[in-house]
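Please find the structures below.
Both of the next two complexes hold subunit A, though its partner changes from subunit B to subunit C.
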Partner chain A sequence: MRVEYINPFVEAAFSILKEVLGDDLSRGELYLKATSQPILGVTAIVGLAGDVEGRVLIDLTEKTAMKIASAMNGEEMTTLNELAKATITELANMITAQAVTKLSELGFTFDLTPPTIITGEKMEITNYEVEALIVPIETSHGKLEINVALRERN
Partner chain B sequence: MSAMIDEAIERQEEKQQKKIDFKMVTFSLAGRDYGIDIMKVDGISKIDKYTYVPNTYPFVKGVYNLRGDIISIIDMGKMFHIQQPAQAAKDDSKLENILIIKSCDLKIGVIVDSVDKVLGISRESMQDPPSLFGDINIKYISGVTEVDDRLYIILDTDKIFSEEEEKKAYQTESDEIDEHDSIETMDSQEESASPGINFIIETLNTFSRFHVSPVNRKWVEHRYDQWVEISQKRGQEPQLVDEADANEFLQTFFSRETHQLWSDEYREKMESILPAKMDGPLDVWNPGCGKGFESYSLACLLKRKYPENRIKVWANDSNLLEISMATNIVLQKAQIPAWINNGGFIQDGSGGKVFTKAVKDALYFEFHDIKHKNMVPNMNLIVARDLLSYLEPEGQKKVLDEFHGKLKSNGILVLGENESIEHPGFRAIEAEALSAYVKE
Partner chain C sequence: MKTKADFPNINDRQPEGLKDDGNPFRVLIIDDSMFVTKQINQILTSEGFEIVGSANNGESGVEKYKELYPNIDLVTMDITMPKMDGVECLEKIIEFDKDAKVIMISALGKQDLVKKSLLIGAKNYIVKPLDRNKVLERVVTTLKKQ
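Presenting the complex of A and B:
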C-alpha cells in the first residue's frame, strides 16, 4: 500500500466516526494482511476505480452495526432492518468519500462505485495480488475495522 | 504522519519489551518439558558408554570421563520415579543426551530424553508449582512457566543434588538393579556446545527479531568472541539481558552508511559494481528501506550515472512509522553529501532542504510486508541490505527465490555487508565493503 494513501483513510475514518457518534474513539495498531480474512458479519463495500483501483470495506459485527445505526438515527433499533443497513452503507460512503477528497487534493484521481452491503455469518474475503491495510477502531458501541486494498493501475 | 500512529507503535513496542532475567536450558523427559537455570548448566554432551559402578543407588547409572573430569551419570527419570513410556528395547549403540550440571562443587551428568533449547523468560512469569504435582517431589521444583503454549517445570538442581549428597533416606521402590552392564570405554563420541552462543541466538531473536542463519552466522560467531571479551572487561556474563544489550551486540552488524545519505566514497563503491551503460528504463527494488535514506541515495546515484534512462525505485518497508517519514523527508544542510547537493537533486523547502520533484517522482514508497505477495515488475537492481537477517530462515529462502525470479538476467543483488548467501543462480561479485551478487 503506497504510503501516501494510508493517512487519508485513517483520518477520514476517525473524523467521520467522531462526527456521527460524537464519542471517544481509539485506534488500534495498523497492520497488513495478504491472505483470506474472516469478516465480522456486516460489511459495507465501496469500490474505487481510476488511476488507482481497489476497494474499501467497513467491517463490523451485527450488534455493533445496530448500535451505531441506533446512535446515528437517534432511535433504538433491535433488528438489522433496511434503515440500519442504509445507515451503515451511508457511513461507508462518507468515510470513503472524505478520504478520496483528501487524495484528490494530493493529485490522485478516483471514481467511486455505489456502496454495497453484505451481511451473514462465517464469511471470508480474499484479495488477489493486493495487500489489505487494516485500521481497527474501537468505539463505545464496539469495534469496527476499515479494510483498504488499493493498487496502482498498470 | 499523525501522532496517533506513533502512539500505536509505541504501545506495540512496550509490549515487546518484556525483561528477560532468567534463562534456562530446556529438555524433555518422558514427554514432558523441564528447565534448569542456565547458570547451573556446564554443557551439553552426547555420550555412549559409561562405566557401571556397583552397589550404588539405582538412579546412579555410573561414571563417565568427560574430557578428563570424572562425572557421575544420573538417570533423572529413575530418581524421580517418572514412568518412561513403554520403551523399545534400548539400543546400546544409541547416544545418550547428557546435561552436565554444576551443583555444590560437583559436576553431574543427567540423562535426559532430548535437550531442547535455551529459553529466556522473565522471573515474573514464573509461578509457584501447584501443590498437587505428581511426578517430582515439589521441593525440587522452583517454579513453573509457560512459553509458547508449553509448560516448563523448572527444577532446582541445588536442592536435588545436595540432598542426594547428604544421602537422605532414599527408599528404593524397586530393588531392580539396572541390568545394563556397559563396559567402560574411553573412545566415546562426544560433542559439546557452549550454551552461551545459543542463548545469544535466542535472545537476538526475542529482542531484535534478528535471525541467526547461514546468511550471517559467520558474523555472529565473530561478534560473539568480541562480546565475550567486552563482557569480561565489564565483569558481566556474556549474555543479552534486554533490548539495549541486543542492540549493542548488533551495533556492528549493519552495513555502513545505513541511516544516512551515502557519502561520495560509498557512492563510488556502489557504482563500481554497476555496468557502465544500461538500456531502457531502470527498475530498482529497495525492500526494507526504513526511513528512505537508502532509496533516495540510490535514486540520486542512478540519475547521476544514467542520466538518459528513466529510473524508478520501488521502496517498501513493513515499519509504518519509518516509511511514513520517508515520503516527505526534510534534511538539514549537514546531512547532505556534496555529490547530492551539487547534483541538482536538492531544493529549499519549508523547514529545511528537500529533494526535487524529479527525484521524488522516481521513488515509490509502499507500506508493505515482503513476506506477502510482491507486486513489483522485473528489476535491474535489488538493494536489500540487512533485510534477510530479519526474516525467518523459511522467509529468507522464499524472498531469495523471489529476488532471483524478479531480477532481469545479469541483474544485481546487493545484501548487507555482513550477509552472504549461497543460492543457485547467484554469483558473488568481488567488491569492497559490499556483498553483491549477479544473476547468472
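Presenting the complex of A and C:
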C-alpha cells in the first residue's frame, strides 16, 4: 500500500481532534501489519470504493472512547451508551470526510460508506491482499490508531 | 413570554433566540446523529431558541415540517441520512414552503451537495465540527435573511 494514502487521514485526524478536543496531540511511528491484527475495543470502520478501495479504521480502547465522548459532549460518560457511540461515529465521519477532500484534490475519486462502529474485546481484523498501515495518535485522553488498508483498483 | 431574566447567564443583551416580541424562534433539527442533534439542541436552547421537533431521517423530516408549519422559523438539515437524504428532504420542504429557512449541516468533503442545496433553496450551511459561535452566527444571519 502506498504511504500517500494514509497521510490525508492522519492530517485530518489531527485537525479534527485538535478542533473538537482543543488538545495537544502527538503522532507515533507509522507501522505496517500484514494479515491478522488485534483491534483495540471500539472501532469505527469506513469503506471506500472507487479509484482506490479498501477500508479505514479508527481504533481506540473503550476507556479512551468514553473519555473522548465525554469531552466532546461536555459531560461525564461512564458507559459506552448510544450517545457515546454516536459521538465516536461522528468523529470518524468528520475525519474521513476531511481526508477524502484531500484525496480528491490529489485526483482520486471514490465513495465512502457511513461509519460503522464495532465494539468488543479480543477481536481481530484480517486483510487479504493488502497490508494495513497504522499511525497511532496520542491525545490527552489516550491513544487512537488510524489504520488504513487501501489499494488502487486496476 | 420569556425575558432576559430567564437567561441569567446572558448579561446585558437580548438572547439571540428570542424574537422582538419576546417569543422564541422555533427550530426543527433533522439529523440522524444523536450526538449532532444534542449538540445543536444545547447550543440553541442556551440562547433561548425553542427546539420544536427533531427527525432522524429525511422522510420524517418532511412530515414534521408540514406538521409544524406555519409555526416554524428554521430547519437545520444533515446531508447523509437513511431513507431520504438531506438534499431530497430540502427539495420537498422548499416545494411545500418556498420561503422555508433551511441551514445545511455538512462535514467537509460534501461541497458539491452543499452547492446543490444552495441552488435548491437552502439559505446557508455550516461545516462540522460544530461549535457554539459558528452555529449561532450562521443561525442568526439566516434568520435575518428575507
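Note that in this section the second predicted complex is superposed on the first by the 153 of 154 C-alpha atoms of A that agree within 3 Å, B and C clash if a C-alpha of one lies under 4 Å from a C-alpha of the other, contacts with A are read in each partner's own complex, and residues count from 1 in each chain.
As a working rule, contacts are C-beta pairs under 8 Å (C-beta built on N, C-alpha and C of every residue); 3 or more make two chains touch, one makes a residue touch a chain.
Everything numeric here is computed off the predicted structure, so don't read it as measured data.
Asker: Based on the shared subunit A superposition, would you classify subunit B and subunit C as clashing or fitting together?
Answerer: fit
Asker: Could you say whether A:Met123 touches subunit B, subunit C, both of them, or neither, answering first, second, both or neither?
Answerer: In the superposition, A:Met123 touches no partner, neither subunit B nor subunit C.
Asker: If we overlay the two complexes on their shared chain A, which of subunit B and subunit C does A:Glu4 touch? Say first, second, both or neither.
Answerer: A:Glu4: touches subunit B, not subunit C.
Asker: Would you sort A:Val52 into first (subunit B), second (subunit C), both or neither based on which partner it touches?
Answerer: Neither partner.
Asker: Going by the contact rule set out at the top, does A:Leu133 touch subunit B (first), subunit C (second), both, or neither?
Answerer: Once the two structures are laid over each other on A, A:Leu133 reaches subunit B alone.
Asker: Applying the document's definition of touch, where does A:Leu21 land relative to subunit B and subunit C: first, second, both, or neither?
Answerer: neither
Asker: Nearest 10 degrees is fine: what angle do the Cα centroids of subunit B and subunit C make about that of subunit A?
Answerer: 160
Asker: A:Ala34 contacts which: subunit B (first), subunit C (second), both, neither?
Answerer: A:Ala34: touches subunit B, not subunit C.
Asker: Just the number, please: smallest Cα separation between subunit B and subunit C in the overlaid arrangement, in Å.
Answerer: Shortest inter-chain C-alpha distance (subunit B to subunit C): 21 Å.
Asker: Would you tell me which residues of subunit A are touching subunit C in their complex?
Answerer: It is residues 16, 19-20, 72-74, 82-83, 86-87, 89-90, 93-94, 97-98, 100-101, 104, 114 of subunit A that touch subunit C.
Asker: Would you pull the subunit B residues touching subunit A in the complex into a rising list?
Answerer: 1-2, 4-5, 8-9, 11-12, 318, 320, 323-324, 326-327, 364-369, 371-373, 375
Asker: Quick one: which bits of subunit A touch subunit B in the complex? Just the residue numbers, please.
Answerer: 1-4, 6-7, 10-11, 14, 27-30, 32, 34, 129-131, 133, 151
Asker: Help me check something: in the complex, which residues belonging to subunit C touch subunit A?
Answerer: Answer in residue numbers: 33-36, 38-39, 42, 80, 107-111, 128-129, 131.
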